[in-house]
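Each of the next two complexes has chain A plus one more chain, namely chain B in the first and chain C in the second.
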Partner chain A sequence: MNTDTIYPKVREIIADVLAFEESEIQRDGSLVDDYSAESIDFLDLVYQLEREFKIKVPRGMIEQEARRGLSEDFEEHGRLTDKGLEHLKTYLSEVPEDRFTPRMQVSLIPTLFTPETFCKIVLREMEGGEQAASD
Partner chain B sequence: MGMIFRDSGIAGRTAIVTGGGRGIGREIVKVLAAEGADVTFFYLNNRGAAEALLAECGASGFNVTAQPVDVRNAEDCGRAVESVLGRTDRIDILVNNAGVLRDNLLPAFTEDEISDVLATNVLGVFHITGVVAPVMIRQRGGAIINISSVSGEKGGKGQTNYAASKGAINAFTRALAVELAPRKIRVNAVAPGLIDTDMSREVRELAGDQALDRILLGRYGTPAEVASVVCFLASRYGKYINGEIIHVDGGFKMA
Partner chain C sequence: MFHFVDQLLELDPGRHALGVKHVTPGDAFVRPNADGVPTLLSCIIGEALGQLGAWSVMAAKDFVVRPVAGVVGEVAITGEAAVGDSVLLDTTIDSVTDDAVFYHAAASVDGATVLRLENALGPLLPMDQFNDPEEVRERFARIHRSRDPTEAPQTGEGATVPFDLSFDEMLSFEGGKEATAVRTVSGHEAFLADHFPRKPVLPLSLLLESLLQLGQKLLEGGDARYVPTGARKVKMSRFVEPGNPLVAKVRVAERSAENALLKFRCEVDGDRVCVGQAEYSRVLGERR
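Up next, the complex of A and B:
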């Protein structure tokens, strides 16, 4: 299984949650900037993905995974360090390079999420959480 | 002009009532079920009272289910809500009613008297609502009604723990109403005054005529009078009320 097989259902759920037509959802679109997703939408999205794919996504998982191996070097005063930024780019490899900004606020990481990000999360959890989401 | 109160819009809805076996909770279960809701009530350990309520509701043809749940335990709450969903697939109404009272003067409080009250009255509401809210978000609708108390706003001797817990519920209600409004989920609280229940008996007996004198209507309230306001908030007649704390106290708060 790969994210291609999961994507149609993930796109359907994203379109439903964010009130868009499925055809308007781009796999690398920014859920926040392109589809106006808010925090409550992410909660809804994760909940619906959990029920559809019979998985459990730990809350705050993306940020925790992105930090893995870096501990306090990931951020400084709420902003990504250079190391943290590179780490995040690797972890969120599906996000176009130009959306990452140096010293970006950690709280803005969700603005990077795309439909593909959630495909990877679903795949990872379906495979028992062992597969790195950056694969 | 036709009658205002006819079809409450509650028939066919699914409701959860915590602390539903006795007192105010019991009346809430009955009134929602009488309006046609499929009601599941959670109770902690008084199985006899729960079975008596089930029997009473069954005799009336109401659709009521009972489930033992400790709201202080987050995992227990998660399992219980999943179990309800397994049967109903939706939750339209949540009434956070479970609560305990452990009055004492502040310096005399034991740690248990403080933590028991906060764990049930505050953490319990977080636990249940935390698992029900995503369901209502998915549904794009729902009504959450928290049972607060006049003690949340009006000072009362020996009630610092209880008052703090109910003040927290009032703040919780307002904040959650803001959070969930975009998904058409309403969050309100009902704050009873002195109601004639087993739980408040000691308070009422200690206060005696002094308390009665401070209730403008000159009598204690009944559980049914609180339940009717909960029902109103859950009904389509309350659909434009959000983030409110409605006092049902016979004017006690003003005196």
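Up next, the complex of A and C:
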């Protein structure tokens, strides 16, 4: 399974949650900048994805995973370090390069999230769940 | 007063709660229904269910956080609660995380369900931004310990003037199609004292009731009369504070001989604050 398989359903849910037409949703669009997603929308979106795909997405997972292996050097005074930025770019590889800014605020990381970001999360949790079940 | 759980009958904090709301003649949110019988506004029954869920979560979280209105997947209006009725409130928490509560709930009168909420989500925010935590604890103790129904505090009363559900001004109105209206909360509304003492904001329940009524006006015409049967995918994304001009757009999306579906979107200064859908059913017979 890859993200292409689940994208149609994820797009449908995103369009529904953000009150847009499905055709208006771009796979690499910024949910915050292009579709005006607010914090309540992220809560709603994760909840709908959890229900649809029967998964559990740990809160704050994206940031935690992006930090993995870099706990000390990821940020400085609430802003990404150069190392942190490179790490985040690798982790959010689906996000177009030009949307990352040097020393960006950690609190603004969600502005980078795209529909594809959520496809990856869903896929990871679905596969993680299967692995856990077979372990 | 904007408290609608008179008494907590059963409480399993963070999981389930049963409560009661007595509908009294002095209630600021009682209105005559189509037959002239004074009944509690449907959205206030929904508010009571949400407040019951809030008590359950706040008790589980030691009153450090409180839920606020977020998303309601479905509101189903299936009956009414008239003056003299006691509404049994039953709220089940599906899950609680650090930042949100997910629940569903039903209200009934004499065993018959009058309103259901499904797939509701409330963000959890620091209690002290909204209320004095001590005051909330005291109220909790009052409604929880009060075992004798006759001693139950009467809620919903105390407003000198019934809350006006109409908008300040209709900006555009095209019967059967679309309407745009504006309302600005003045800051003097009685409900603001409780919702919330430290952060007065327009309750989603009252906004939704206003929208349902605006939609009903839009559907009027000829011999048709439509009554609201519920709402779907209602989401409050920002707080509406006194002075914020709330612009509501309501549009008829689908209409058949039996039903109608309306979509609404509310904005403040161009920012989305509330979206959702309202459902109506056509009733036959003469208009009153």
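Convention: the second predicted complex is superposed on the first by the 128 of 135 C-alpha atoms of A that agree within 3 Å, B and C clash if a C-alpha of one lies under 4 Å from a C-alpha of the other, contacts with A are read in each partner's own complex, and residues count from 1 in each chain.
Criterion: contacts are C-beta pairs under 8 Å (C-beta built on N, C-alpha and C of every residue); 3 or more make two chains touch, one makes a residue touch a chain.
Only a predicted model underlies this, so the values are computations on that prediction, with no experimental measurement involved.
Touch criterion met: A:59 reaches chain C, while chain B stays clear of it. Counting the residues of chain A that each partner touches, chain B and chain C differ, and the larger count belongs to C.
Of the two partner chains placed around the shared chain by superposition, chain B and chain C are both touched by A:47.
With both structures placed on the common chain, the touch criterion links A:38 to chain B and to chain C.
Chain A residues in contact with chain B (one complex) as well as with chain C (other complex) are 38, 40, 43-44, 47.
Listing the residues of chain B that touch chain A in their complex gives 134-135, 137-138, 179-180, 182-183.
If you check the complex, the residues on chain A that touch chain B are 38, 40, 43-44, 47-48, 51. Residues 16, 19, 36, 38-41, 43-44, 47, 59 of chain A touch chain C in their complex.
Interface of chain C with chain A (complex): residues 70-71, 97-100, 102, 121, 123, 233, 235-238, 265, 271-272, 275.
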